[in-house]
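Letters A, B, C, D and E mark the chains in the order given here, with residues in each chain numbered from 1 onward.
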Amino acid sequence: MIATTVASASVAPAATSLVTFDWSVLAPVLVPALAAVAVLVLDVLAPRLVRLHATVGVLALVAGIALTVPGVLRTADDPLRTLCLPAPDGCLFEAGPLASALQLGALGSALVVLLLSWPGTDPRDHLRGGPAVLVSLVLAATAGAAGVAAAHDLGSWLVCLELATLPAIALVALRGDAPAGRGALALLTTSLVSFAMVALGAALWLVSTGEAVFSAAAATEALADPQRRVVLLLAALLLLAGLGFKLSLVPFHVWTPQAYAGATEPVAAFLAATSKVAALAALLVVVRPLVGAGAPVLFGIGMLAAVSMTLGNVLALVQDDPVRLLAWSTVAQAGWVVLPLSALNEQSAAASGGYLLAYVIATLVAFVVVHVVTSTPRLRGATDLGRTLTAYTGLLRAHPLLGGALGLALLSLAGLPPGVVGLIAKVVALRPVVGAGQWALALVAVLNAVIGVAVYLRWFAVLLRDPDEGPARPVIRSIPRPALAALVLSGAALVATSVMPQLLLGLLD
Amino acid sequence: MHLAGPYLLAAVLAGLGAYGVLARRNAVLVLIGVELILNAANLLLVSVAAAGGDRWAAGNVLTLFVITIAAAEVVVALAVVLAVYRLRGDVDLDDVDLDDATVGEGQR
Amino acid sequence: MGATVSDTVEVTLRAVGVLAAFLVLPLLVGQTEHKVMAHMQGRLGPMYAGGFHGWAQLVADGVKFVQKEDITPAAADKRVFRFAPAVALVPYLVALAAIPLSPDVVAADLPASAVFVLAVTAVGILGTLMAGWASANKYSLLGAMRAAAQLLSYELPMVLAVASVCLAAGSLSLSGIAAAWSPWWLIFQLPGAIVFLVAAVAELQRPPFDMPVADSEIVFGAYTEYTGLRFAFFLLSEYAGIVVMSLLFAVLYLGGWHGLLSDQLGWLWTLLKGFCIAVVVIWLRVAWPRLREDQLQRLAWLVLVPLALAQLALTGVWVVTTA
Amino acid sequence: MSPYVVIAAVVAVGLLLFVAAMGARALLAPKAPTRAKLTTYESGVDPVGRDWAQTQVRYFVYAFLYVIFAVDAVYLFPWALVVRSNLGAASLLEIAVFIGVLLVGLVHAARRGLLRWL
Amino acid sequence: MVILTSLVVPAAVAVWLLTGGRTVSHRTANLLASVASVIALAAVVVAVIVRPTVDRAWVPSLGLRWQLAVDGISAPLLLLTAILGVGVVLHTLDRPPKGGTTAAFHACLLLVEFGALATFYARDAVLFFVAFELVLVPMWVLITRFGDAHDAAARADAGGRFVLYTAFGSTLMLVGILALVAKSGTSDLDVLAQGGGHGIPVGTQTLVAALLVAGLAVKVPVFPLHTWLPPAHTTAPTAGSVLLAAVLLKMGTYGLVRLPLASVPDGFAKVAPVLAVLGAIGIIWGGLACLVERDLKRLIAYSSVAHMGFVILGLSSGTRTGLQAALFANVAHGVISALLFVVVGGLKERWGSADLETARAALREVTPRLGFALIVGLAASLGLPGLAGFWGEFLSVYAAWSPAADRPEGLFRTLAVVAAMGTVLAAAYALRVARTVWAGERTAPPIEDSRDSEWDVIAVLVVAVLLLGIAPGPLLAMTGDAVTTIVGAAP
């Protein structure tokens, strides 16, 4: 199925003399996509060299990351463009700083996920199809995520969005036990419904604007006409709802805890990080031309954000499985992510992206630690203890590196110093809302900031305890090297952005 | 070309599909509902293209894309069904719980 | 709409014409099968009904079927069970309407008739699936599953082969394809033709691809519970299928009405070529043993699909280099 | 007059044929149902178990493969129409990439034993 | 440079203690922390004299700068923080913390000091918020990890309340700050103070002021948002209580001066009467609670609520005197409450509980040093002339009696009367404590008197209480100029 979608993605840009074609601009998308196919070929040729497959994946992602740099360095008014047809606003692919930063986020988080699921690190995982399938799926979904960020027309947008989604479903199912099946089914049904909505929304977009590109000019023109305005708003609503599924916004969130709990931790990390980047990137592509759309969409996003935060936080507060906790926290954070969009001004897209990236870094670190703790053999032979909060008792003292990383991640998610990046992200997210004078929404956000603090400090308090208080605490003698690399990579990003938040925010403008 | 007919049909299809998605808690019926919505979308796209309303024949091309992606979705669905079958020994999707908002541990 | 009276008359005439062809041609093929098979097996076949070489045997069979009791099993899903024969039969009728015998002799000259015919014939399998499912019989269900799997597997090489022809002709219309045909295609499209023929036979569940109705294992597959006229409909649909596929093959690969005396014969050429193909299909039934389910699938995926793809590549390169 | 009208008429005629034939049957055929006659046929013995049995899930694999590969038809036929235009060689290359990716998938699946009939 | 020194040294030592030096002995950790806090103190002293400024870009995308400076308003609080920073570390020398590693304890103390100093230095509104948040986690750790060893549930509850209330307040404040920044276009506090809210409509000013006041009131704390304070004080270790009362509460009042009062004065004028009423209620409420409270630490916490009520009243009056009074009372309360908490913490350590009814020897009889310190603290607390508490409270009441022109005079005069009654309540509860704890004839069971580091800290604090009471002039002079820039030269 990856094959199909990859291929259709490659069919989309017709390489004729009519169309400009710049490989280097497309590279952040093409490199992982090609690597996904290459891994499958490698798997056919040399099925036993699983480390080689993983290496290819890692190298492709590193290359992809390097290739996003030119886009990051551009200004918002002058993005890298390619696949341009000879018409006004006719470019199908635009990589400005925001899009490139999101690409960077997607590729980077996928890199951490790949390192984390390095073959042989987790003896419990007998993944069906072998590591090559996992690597290939991750790469394909990452290509989709990178593509959707820069997509400018309905076609590549749809294809890339689903390319980012479908492999994720398969990834969840890969663990191959009952919860995985259930999680995959939940995710599957959700993404089917979401795709239906998005497709219908895209069709209505075309109907109302008469344009297959996300063009601000065409949207403005459609908004001026009362009849087309209704259609366009309906399209926006459908697109928003469809993406709400992917972003786990309430009321489209129910799949999140099931899928996270069913998947392996690396895959859950992938869902929480890369998939979310893809979803938000897709949303930003839609929202940008709608900046002038006015109240209904604005109100809708604000409502979604408020409800998501509240419900996510409240339910996260009562979870005992760290993965489920992180799942509900995703729901809450998704609310924060779209919060600035309710202001619908120039700042808000970058603010939303900035918040998302901060969240992605922190949540990745959390997942890395959860994975290491969960996959470590336990003292008294219990198998599932990493999946309860008590398993983290005294981690800060028992294993300072893991405990410190997790602690910093949790504080970042809570938005408390020393997790300064989380705090700055909250400032960034609230700024457009306050600037637009949406006081009610700001008040809800304030309340949720407090509940969020409670959510993460509840876990953090467990880390702080005396290690001897906990039951059968994990004996983590040594962390496997790839997992350590993942930890160092994501942890370093967290520390660096906490000390110098500009590293993160500077990417976006 | 007069577009009222296709648009009306699309609205009916989308409505039926939405009903199927919303009302039925059965996975297969949800899938059918989704297909209906997708066909409504395709119908809209094709109508726009037939009316010559867009540049680059995008309506037609998008229809192909939607069909492709829908097929890919079905493939993934089949794969997941296969996986579930191997776990549970049957492929009865009817009792798949679609609105499990379980707090804490999900029921096994 | 603004349809005039003459339009209505024309449409009715065309539809009735198709129906007439649909009722006559399969009988012709059926009778041929009776006789050809008999002679291949060293016997005479029907000799009495109607007098001359038992020409009316199938008509007599039909009359017999009408008079037989029609049983719907108590456990069956009755509506689906009763409607399944129509679903199996009507698609071939519709397909027949879109196949041109000559540029003029065609009931409905659709712009993309090649794709249309492929799509419509694929619906026929739904009748088998419905029959198998609604019978509430284990043999039926098994047969239906086999039939469906077989159709799925062979539909792909068939589609690829047709795509290759369309590519070579630059047209999706059967008339257009036949018009663009040249004798050189007999060699150049040979792999595709073989793939198409094999796939067509498999889709019709004719021997040697009759695993779905393998009587020694699953009685009569999806049709086990059927009796009387409904059963006859399934039989009819099989022969109608032979007619449709043979004509399609004739149009796609043998140039349809192109022949030595094309000006005079025209549509007769197409019929003649189609008849020859039908005889080949009959011959295959006599000459080959039944393939096992796994052999059948492997043939599709590991031989026919690659072959069809190779044909497609060949055609593509040829088209691009000569264009 | 659109050829599709003829198609619709043919469909109607087909259904009419079915209805007429069934009508004829109703007039001509005898009707004497008995319980034994209406039981499910299982080669002469009494039916065992439920009416609808579970079937082999492996048939799904073919559905699975079919959906993957049949989609290429969606692109092949339009491509067949335009390949003579100025798209030419470039489109050939693209369709080759497209089918190549599909083939990689098929080979991978075959290598993983998906096509083995167990 | 000195500003950075005073910030970087404690932070660096804290980080090292949390990472590399996790296993050092108590002595070593204490020595390091002492050195760090002494260096910080020295740097602060220099900074207060020299008044340097730091201005470096941090997050250009947000316009956020490391903009640090010292002026008359922050100088006393900086000094107070730095002195108490040394004090608490010194106080810990003979009391190895329970519940966690000593390195972590010292690191938390230093981090609180770092955060508080940064808050007082900050001249950028957003930076102020960031620094404000900085103290949360270390303080929370001090309460939940190192607090009352007997009752884990109470620790968790108190820590949770502390952190949640404060986070709520600070996020509310953030909304206010962001609104202010959005409206005025700058986050530079000095520019904001000079602008004085010109060009912002009064309605918006009021809203912004309400948000800022509501947020900061949690931290002060103003009645009815004070309910986090008693449990936090009760469970926190002595060092934590001292920092909490003497430093963290001051961040709230300091914020009130810096943000709403200076930046949106017109809006603050609208909010001030409400704030003043709440302050007055706090005075009475705190006093009444003290009359019936049995737990000594909790009692002092309630008295803090009352004292902060005076500060709030002074701030609300909108006059130069009121502001000066508030700033003075702020510092005075810092010193007094620190003294009381050290004493009461010591008692709790010795008795095992801070309950007034616990049978114990009278302090007058067995521990003259502790007894003396307690009496000084209580006397200062009730506002006895000649001690630190007097000037602030006296001037506050005076300012409330004659508030600024745009304040409702009748209301403020009533509040002045109420506040004056509050001082009577203070006297009553102070005497109650003195009678049950200090007086009496019993000599059993005996407890040890204060010595070594504890006595050193007490001595310094007692001296400070006396100095502030006898010679308020220097402190008032220090704040004078800055106050003038905020309220103008009016009385």
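Everything below uses one rule, namely that a residue touches a chain if its C-beta (ideal position, glycine included) is under 8 Å from a C-beta of that chain, and two chains touch if they have at least 3 such contacts.
Heads up on the chains, UniProt names are B = NADH-quinone oxidoreductase subunit K; C = NADH-quinone oxidoreductase subunit H; D = NADH-quinone oxidoreductase subunit; E = NADH-quinone oxidoreductase subunit M.
Keep in mind the model is a prediction, meaning the values are calculated, not measured.
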item: For chain C, the least number of touch steps when starting out from chain A; value: 2
item: Chain occupying the middle, per Cα centroid; value: A
item: Pair joined by the larger number of C-beta contacts - B-D, C-D; value: C-D
item: Chain at maximum distance from chain C, centres defined as averaged CA atoms; value: E
item: Chain C and chain D: spacing of chain centres that average the CA atoms, whole Å; value: 13
item: Chain A and chain E: spacing of chain centres that average the CA atoms, whole Å; value: 42
item: Whole-Å gap between the CA centroids of chain A and chain D; value: 39
item: Centroid spacing, where centroids are CA-atom means, of chain C and chain E in whole angstrom; value: 92
item: Where chain C touches two or more other chains, by residue; value: none
item: Multi-chain contact sites of chain D, meaning residues that touch two or more partners; value: 63, 68, 70-71, 75, 95, 99
item: Where chain A touches two or more other chains at once, by residue number; value: 1, 4, 8
item: All pairs of touching chains, each written as two labels joined by a dash; value: A-B, A-D, A-E, B-D, C-D
item: Residues of chain E that touch chain A when the two form their complex; value: 18-19, 22, 57-62, 64, 99-101, 115, 126, 129-130, 133-134, 136-137, 140-141, 144-145, 156, 159-160, 163-164, 167-168, 171-172, 174-175, 178-179, 182, 207
item: Chain B residues touching chain A - in the complex, by the definition given at the top; value: 10, 14, 17, 21, 27, 30-31, 33-34, 37-38, 40-42, 44-45, 47-48, 53-56, 58-59, 61-62, 65-66, 68-73, 75-77, 79-80, 83-84, 86-88, 93, 96-106, 108
item: List of chain A residues in touch with chain B within their complex; value: 1, 4-5, 8, 12, 85, 87, 90, 128, 153-155, 158-159, 162, 166, 169-170, 173, 176-182, 184-186, 188-189, 191-193, 195-197, 199-200, 202-204, 206-207, 210-212, 254, 257-258, 261, 315, 318-321, 324
item: In the complex, chain C residues that touch chain D; value: 3, 7, 10-12, 14-16, 18-19, 66-75, 85-86, 89-90, 93-94, 97-98, 107-110, 112, 115, 133, 135-139, 141-142, 145-146, 148-149, 152-153, 155-156, 159-160, 163, 166-167, 170-172, 219, 224-225, 228-229, 233, 293-294, 297-298, 301-302, 305, 309, 312-313, 316-317, 319-320, 323
item: Chain C-touching residues of chain D, taken from the complex the two chains share; value: 1, 3-7, 9-15, 17-18, 21-22, 24-25, 28-33, 35, 37-43, 47, 49, 51-53, 55-56, 59, 62-63, 65-66, 69-70, 72-73, 76-77, 79-81, 83-84, 88-89, 92, 95-96, 99, 103, 106, 110, 115, 117
